[in-house]
Structures are given as C-alpha cells and as structure tokens.
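Listed after this line are the structures, all set down as structure tokens.
Next come two complexes, and both contain chain A; in the first it sits with chain B, in the second with chain C.
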Partner chain A sequence: MTNKEIYVLSAKQISIQQPLSEEWMNNPTLYEPAFYRSIDPSFKEYVSPIEARRMGKILKRALATSKEALKASGLETVDAIVTGTGYGCIENTEFFLDALSKEGEQLLKPTYFMQSTHNTISSLIAIQTKNHGYNATYAHKGISFDSALYDAYLQFRLNKISSALVGGHDEMTETFYQILKKGGVIGFDNEICGEAAVSVVLSDKQENALCKLSGHKIIHQQGIESLKEKVAKFLQGNGKTCSDIDFILTGISGYKENDEAYMLETKALFGDRPLLKYKNLFGDSFTASGIGFYVAAQCLKSGFVPRNMFVNEKDITDKKPDNFLIFNRSDGTNYSLTLLEK
Partner chain B sequence: MDELIYKLKQEIIEALNLEDMTPEDIDENASLFGEGLGLDSIDALELIVLMEKNYGIKLQDPNQGKEIFKSVKVMAEFIQQNRTK
Partner chain C sequence: MTAPIYITGCGVVSAIGLNQKESLETLMGEHSGVGQLTYLKTEHKEFPVGEVKLSDAEMRNRLGISDNAITTRTALMGMLALDEALKQAEITPEMLPEIGFISGTTVGGMDMSEQFYLDYINNDAHKEYISVHDCGNCSEMTAKHFGDFAFVTTLSTACSSAANAIILGANMIRCGEAEIVIVGGSECITKFHLNGFNSLMILDTKPCRPFDATRNGLNLGEGAAYLVLESEKSAKKRNVKIQAVLSGYGNACDAFHQTASSPDGEGAYRAMKEALEIAGVKTTEVDYINAHGTGTPNNDVSESQAMMRLFGNNIPPASSTKPFTGHTTSASGSIEAVFCILALQNGFLPVNLNYSQAMDDGIIPVHQSTKKDLKHILCNAFGFGGNDSSLLLSKFEQK
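This part shows the complex of A and B:
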C-alpha cells in the first residue's frame, strides 16, 4: 500500500434539492416528511432525445452528474469508473414486471427488460465518456456508494489508478416506495424519502480540489466495543484523535429508531463532538451516504456549514470546517467511515 | 388519416420513450430508420409490439417490417388497412 494522496476534484448531485447546484447551502428547498422524486435538470444538453430513449431516469441523472463532475474537475477522462447503487434501474424493472403481470409474456417491451439491470450505469457512463478503463458497479443497499468509494480508494492506495469517477445512483418510484414502506425497509414516520444521484471525481493531483479524501473504511459490526476499537484504529491510522474531528456527519433522518441508534453510538464512539445531518435536506435513499460525501466536500470547499445541518443547537458555529468524519450506519449492521479534510 | 398519423406519432413517442420530442418534431414522410429518425432494430421490436397491442395487427413475416416502417405515413396507411381494433 502506498500513501498516495487522494483529492476530491469535484462533486455534483441531482436530488430533491436544486439539481447540479449548491443553492441548498443558502436557500434550501424544505420538505415535510413524505416521499419525493428528484428535481431533474433538462437532459437535452447531456444526451440527445434519440440516445436518451433507452435510458431510464437513473441513467440520465448518472450521465448528467458524471459529465458535470468531469467538466468541473478539468479532467477529460479518468482511470476508473466505479458506481454504487442500492436497487439500480428499479423504474424500468417495475415497468417490465407491470407489463408482465398485465399483458402476459406476449407483448413485453424489450427496452424495459434491457434497462432493468444494475450494471448498466457504469457501462453507460463509460460509453458516453469514451472511457476504456476499469469499470464496476456495487449493489449493497445502504453502503453501495461506500463500497464503490472503497474500491477506488484501495486502487489509489495500491497505485493502480491516478483518477476515478465514483458515483452513487438510486431512483425510487411511488409503487416501490409503498412496497418498501410496508416491508419496514424505508418510509418511516417523520422521515423524508428522496432519490439521489451523486458523482465525484477523485485524483492524486491537488489543483483546484474541493478537499482531500484522507481515509475510508467499511465495517461490519460485531458489537459496540468492536466498533469502538475499529473507529479508534481508523482515526489513529489517519494521525487523528476524536478531538481533532470538527464535525461528525451522520445519517440522522427524523425516524426515531434510527436517530436514537445514531445518538447512542456517536456518543459512545465520538463523545461530544458536534453532530451534523443532511437527510433533513436531501431525504433518505440507498445512495444517501453519497449525498453525505457531496455535502461534506462542498462545506469544506465553501468554508461554512449551513445552520440547519446541526443536530444540536449548542453546537451551532460559524467556524470554518477543517475536516468532516462521515459516519454512515446501514441497517444497524454495516458502517462506513470517511474522513475528508481541507 | 391525419388524425391517425398524429395519434401514431404520440404512440411512437411513448413506446420509444422519446421524452423530449413532440409529434411536431417527427416528419411523417421521413424515414424512421437510418438517416431519418435514426431508429434501430430494437425500436422495430417496440413498433411491432405497439401495432399488436394498440391495433391488433400481428406481423407474421419480419421482412414486412422493412416496408411498413418506412415512415410514419406508410405505417399509418398499413394500420388503417389492417387494424382489427
């Protein structure tokens, strides 16, 4: 393993906030707890209507965020394209299954079938950006983006790549939302549910970077004591102690059970370090941790943290952040730690 | 016939997911494949499904498609002559 430094050159999002914009930092769109679809930009400037006919919303969003992230990074191409998605092209899967149940097997539309798989996202981005490098898609529910990031992170550290486009993309339909809600997977009381597309460009070159990706780790929990040990080791490995961390960015969402678990665990792991949230602005989704990454990177670049991100009023400060530790908790079994620094 | 042509354009836009296009953007005399609208063999399958589902027309010979899908106008004429619903 090398100590090759990794910088975040750009980060772009399409979500329930204004798309491809950082307007949420000063003028966020506020939502009541419910499910909302993303606010889409016009896709015409990223792909022609004829090319777009084979793309579901998730693919168009992935393409738009990827192209914008590449443009902002100043890189024409990257060594690797790695994507995370919880459920992939779920809308076309739903169209296909709906047609199957209504029409039988005789009149099925081929396009819905073709676009109902997960791995079309990374490959589409590669085709559209004429990239022949490493290409992979991870589908691990709430740690999908984290897994894609981990792949890129390790490849940087192993000196295999110098740049990467890492994405997290998830779409949600009203029907699928209702099914998951009934199954107790998402859509809990007091929780905003959204969709998210995030693309970030990583490079070993620092010029014009938003911030530095200092560390990233995925942990499968074996109890709080084991988690404590792994968090301490992670911080130590990055030359930090708990008190060096400015802000802990959590997945606190408004859902009581989730938030109580976050409060309990962050208290045990990080003591009284200031806690931040972002799901109150962007909603929850399987790609929410990707949004967390984007939010932290933009806060580090702009030098301020919007007040509505603070979990506790006592922590509100105008202090310019030097670092963020993103603490993502998925299903109470999988965790990820991501350290971003100025 | 004009009414059918317009309806067919709407159905093609929906079936082929041409979200940002309107019926006015499609020239009824232009070739659907190749240089015209630029459709391909997968779109041909979608159009076969469309004709069967919406007009009850089942194409027995795939080679027929070459003639029928020449343009929206030709397709509309074929539908008018052969529709069962």
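This part shows the complex of A and C:
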C-alpha cells in the first residue's frame, strides 16, 4: 500500500453540450426535459471512415474522448484502461436483437454481434492505442463509471499502476429509450435524458493536473444510518469534516422522486453544505456520474462554478472552489462518494 | 510477494453438477455434461451444449422463489452457486453488510429480452422484464436473495468477466477495503450469443476438442461459480477452514482484434507472467495449467504459443475442462477456478476429454487420468477484445 497522490490530468466529454469543449461553462446549450442524443464532433480524426461504418456511436465517441484525453494528459501511454458502461453497446445489440427477432436464426451476420459486448469499448481503445496493460469493463447501472474509477483507484493505492485512462460511456437509441421508458428504467417526468462519453486520465504525476483525486468509495444501500456512518468515515479518512467541503455535487435532475431523495439524504448527511447539480445541463444517463466527475474537475481547474449549477439560490457564490464531493445516488440502491481537490 | 488471499468457500453450478461434490465426481469420472440442447428455445439444435440440467422453474423451486417472481436464468444459477459458497464459508446473513459481492456477466438478462423483444416494442406484455435486462441487475438480483451486501458491482469483460471479478475482489482485500469479498460470475446460454458465435463460425457441431488437430470450434455452456475471498486476519479470527489460496493474478490486453487472439498470444503470455510474478512463484513450480482452451483453431494456437513462450521446454501438464462443461463464457473464470481448487484438494489432473491427435504448434494436453500432488495451478480465462486474465491458485498448507 502506498499513499501516493492521484491526479486528474485531463477530462474530456461528448454529450448534449458542445463536444470536446468546456463551452458549457460560459455558454451552455439549454434543453427542455426530453430525450436528446449527444452532439457529435467530426470523428474523422479518430477513426477511419471504413472502420467507423461498423461502429456504434458509443465506440466512436469513446475513441474521440479517449484520444483527446490522452493527448491533453501529455502521457504517451497509460498502465490501465478501465471503462464503465451501464448498458454497453446498445446500438449494435439492438441491430442484432432486431434481426434475430424479425428475420430468425438463419441469416445473421456477425458484424453487429462482434461489437455488441460491453468490453468492446475498452478493448477497442487498447487495440487502437496498442496498449497491452490492464484492461477491464464494469456494467453496473448508475455506478458503472464509479466502479471503473474504483478499480483504478485501488490499483494506484497498491502501486500496481501509475497512470490510467478511466471512461464512462453510454449511448441511447430511440428504440431502447422507448423500451426502457416503458420498463420504468429511464425517461422520467421533468428530466432530460441524454447520452454520455467521458474519458479521464489519472496519474501519480502532478504536472498540469486539473485537480487531485483524494478519495473514492462505493456503498451499497443499507439504510440512512449506515450511510451516515460510512460518509463520516470517508470524510475522516480523508482528513476532512463536513464543513471543509465546499460543494456537494449531486445528481439532482428535475425528476421529483429522485430530487426529493437527494434533498432528504444530503440534508441528513451534509447538513447545509451548498448543493450543486449538472444533470440540468447534461441530462441523465447510466454514466452521468462520469460527467459529474468531469464537471467537478473542470470547475476546480477554472476556479469557478457556473451559476446554473447551484441547487439553491442562497448558495450562489463566486468563491473559487477548493474541493468537490461528488455524491452519486443510483436508484437508492448504490451510492458513491468521490472527493476531488484543487 | 504479497499477503495471501484465502479462499474459504466455493460454489459451482454447471453442466457437470449443481455443486462441488457432483462436479468433482464428474471430473474424476470423466463424464462430459455436453449434449443435446434441451432448455434453450432455438432453431439451432445441431450444436451440442453444456446446459445446467434444471429449468428456470426448477431452480426457483430449489431456491424457494415464487413462480410469479421476475427472474433471469443467469441470476438463478448465480443464486444456486452463491448459496453453496456462503454455506461452505460459514457466512450468515448478518455478516453480509460487511461483505462485498462482485459478479461477472455479459448476457445479463438477455434470455428474457430476446424472448420478449417484439413485445417490448409493440405492446405492454412482459414489460416487467425490461428492467432486468442489464448486467448490473443480475448481480443485484443474485445478491438481494441473500441480504444486504456492503458493496455490489459487475464486471463485464466477456469470457474473462468472472476472472476479473476475482481480481477486483483480491485488490479490495489487499487495500483493506473489506475482509471478505465474494467473487465470480454467472452466465446462461442465450439465443443471442449462440447465434452470434454461430455467425462468427466458431461453434462445432461435434463435441469440442481443445488442443486437438481436428478441433473445429467450441460448444457453448452455462453456469455460475463464486469464491469467498478472505483476508488472513479474518479467516484466522473466524477459524474457518481454508480451501485454497489465491496467490497471484494477472490481467493484460492482447490488443490485437475484437474477436480473435494474436498468433503469439501476447495478452495470454503477459497475464500468466504477471500472475506468477506477484506470487513470487517460478515457472518450474507450476504443477498444472487449466487452459482457456475453447477448441477454436485460433484460441488454442495462441494460448499454446503463450505457454511455450513463458515455460519454454518445460510446459506443465495442461488441459481444458471445456469438453466437460462447454464454454461457460463469462462464468468460465470462476467455474474453472473452482475445478482447480478441487484438483488441488484431491490431487488429480483434470483430463482434456475428446483429445486424440496432436495439433501443429500446440501443446499436448493431459489426456489420461493422473493422480498427482499439486501445489500451484494457473487458471486462464480469455475474452473477446483480448481481455486476458490468469489466476494462480495454490494449495493451503498449515505453517
């Protein structure tokens, strides 16, 4: 075990905001609650047109954010590539499932199947960047990105790695949006549903870092008392008390049931610490917490918090943030805490 | 050298048995569980498969789950295996809030989605199954049957998912994040991946023949297995019987192709090498390799090359147990790890069934039943995308 520091060297996103850009901080694109697909950049730079034809959006976006994050990090290679994805390569899964259901079992082509498994993303990045290092993929609902981050975080602490590319990627097709809405999984009232592609590079070297990753923990639901205890222990373990935390970055989204639970639990856990949100700008998705990580890192780097991120007007401040605690609540079943510091 | 991770319980369900005892008898008796397709509804009756010999309803019945409950086959098999693992490790429900659960799967609830997909699109029938489609749901459903774990997550690296779940669990224990983590994977056969593998032309219409000159593809299997990983401190404190030791593990990426392995087995070589290095075990100390050995022309050459590179002229006895179970995909890493533990405990080399003639550029697998005292076993699991992992399992010896 080592106590070496972990720094966030770069963080890139493709979402419903301007892609591969921090334009949202000063000039966000605003949306009404509904389902929107991401604004895609040109992928020409990242993947050849022939390869791109077979790839779902999720793969092209993952390549673009990964390559940009690697470039911005200044690292030539990383020791580990770890990805989180709630639902994986939905577009290709849908094409194969559709053909299977409508055309039967005799004429299926392998193209879509080959790029339908969740780990296609991490392995594609490895193939394209010729990386033989550690490679893994997590698929666990709203803590998929958090699980990937946790894996890398543990390996830093064990001194197994000194750099990692961690991603959170989810795409959503119109068909799957309608199916999952019918199933009560996504698409709630007053909520923006989006897609997310986030890549971050972590390193034990500080140079040009956006911020520091001080702590990260995932908690499975066992009631509010147990949660309180675990949050207190987490803060203590990071040498902090609740009042040391500048901002709690929540997943408040506009959906009443979700927001009420967030308000209730943050009150119990963090008292009156200022609450922030990002899903009003980026929408919700299974890997939205990856967007949260990106948002917090960029705010720490730029030294300000856009006003439309404040949950309560009374908390609005021009104060330069020193730290963010990202509090992710996935359906009230899984929680994660991520402490980012300047 | 790092602190040992103890394995204090195992549970396994596959085509060759519903628990460790049945699996051991079948492995030692050399009876394959691969046969004609019974439970999966598919047009492809030409492919032999290794199905778990229970319907979903029979599994629910064994588990005391109501027939009206929303379940997936992957979760049901997982529950059967987890139940055995918890019992062997003497873990009671009140201990679960301190214990982590990490499961590997790739198909998740696809068995239901592929049956009801057109309903999902066209009407409201079966819509209650929509929320159990994802991989994470399978792990949650499996865990919830037993109680409230401290941590639950899901690895999804195709056919190495369970092996990677074992690696995350070991890292958690080594970091002091938990004293006990239950790790493994579960996967049922689905029409989705049966057809996917068929479209890739990697299924054999005959029983699979890993490392054989005539090998012509794999047979799909299904099942689940979990291992209870425990710190030395906790195992001693609980005075629980130690079944085996997880002394090393490696994960590397072949970074070659989405569905094929490199000719030189780079990923496999790196994964095995890393597993030995962190254990401080020399290549000459490895007594047996439970190969990934799918029976596809490509895998077996690539894996053989990796073994030749790492072990030179002294390749330990190696075999693939996939002719017994079929390729249990995401669960294979933990199912075969349990088989390795049975081999360590009972001193035998599992036979590579269906072998008759040596392949070019390949290893010659164990093909005659052999009693042997075993100390260290490497267990390989490789997935699509070159997600290659290797575990080093060792016999527990009282100091």
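Quick note on the criterion: the second predicted complex is superposed on the first by the 342 of 342 C-alpha atoms of A that agree within 3 Å, B and C clash if a C-alpha of one lies under 4 Å from a C-alpha of the other, contacts with A are read in each partner's own complex, and residues count from 1 in each chain.
Please note the rule applied: contacts are C-beta pairs under 8 Å (C-beta built on N, C-alpha and C of every residue); 3 or more make two chains touch, one makes a residue touch a chain.
Keep in mind the model is a prediction, meaning the values are calculated, not measured.
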| item | value |
| --- | --- |
| Contacts of A:K130 with chain B and chain C, given as first, second, both or neither | second |
| Partner chain in contact with A:N119 - chain B first, chain C second, else both or neither | second |
| First, second, both or neither for A:K212, with chain B first and chain C second | neither |
| Chain B versus chain C as contact partner of A:A52, first or second or both or neither | first |
| Contacts of A:F43 with chain B and chain C, given as first, second, both or neither | first |
| First (chain B), second (chain C), both or neither touched by A:V185 | second |
| Partner, of chain C and chain B, that touches more residues belonging to chain A | C |
| Which superposed partner A:L108 touches (first chain B, second chain C, both, neither) | both |
| Touching both chain C and chain B, counted on chain A across the two superposed complexes | 106, 108-110, 114 |
| Sites on chain A touched by chain B in the complex | 42-44, 49-50, 52-55, 103, 106-111, 114 |
| Chain A-touching residues of chain C, taken from the complex the two chains share | 42-44, 97, 106, 108, 113-114, 117-118, 120-121, 124, 127-131, 133-137, 139-140, 143, 148-158, 164, 167-168, 171-172, 174-177, 191-193, 195-196, 198-200, 251-259, 266-267, 270, 383-387 |
| Residue numbers on chain B that touch chain A, as the complex places them | 15-21, 37-38, 42-43, 45-46, 49, 52-53 |
| Complex contacts: residues of chain A adjacent to chain C | 1, 81, 85-88, 96-98, 100-102, 104-106, 108-110, 113-120, 122-124, 126-127, 129-141, 143-144, 147, 150-151, 154-155, 157-158, 160, 175, 178-180, 182-185, 218-222, 226, 333-334 |
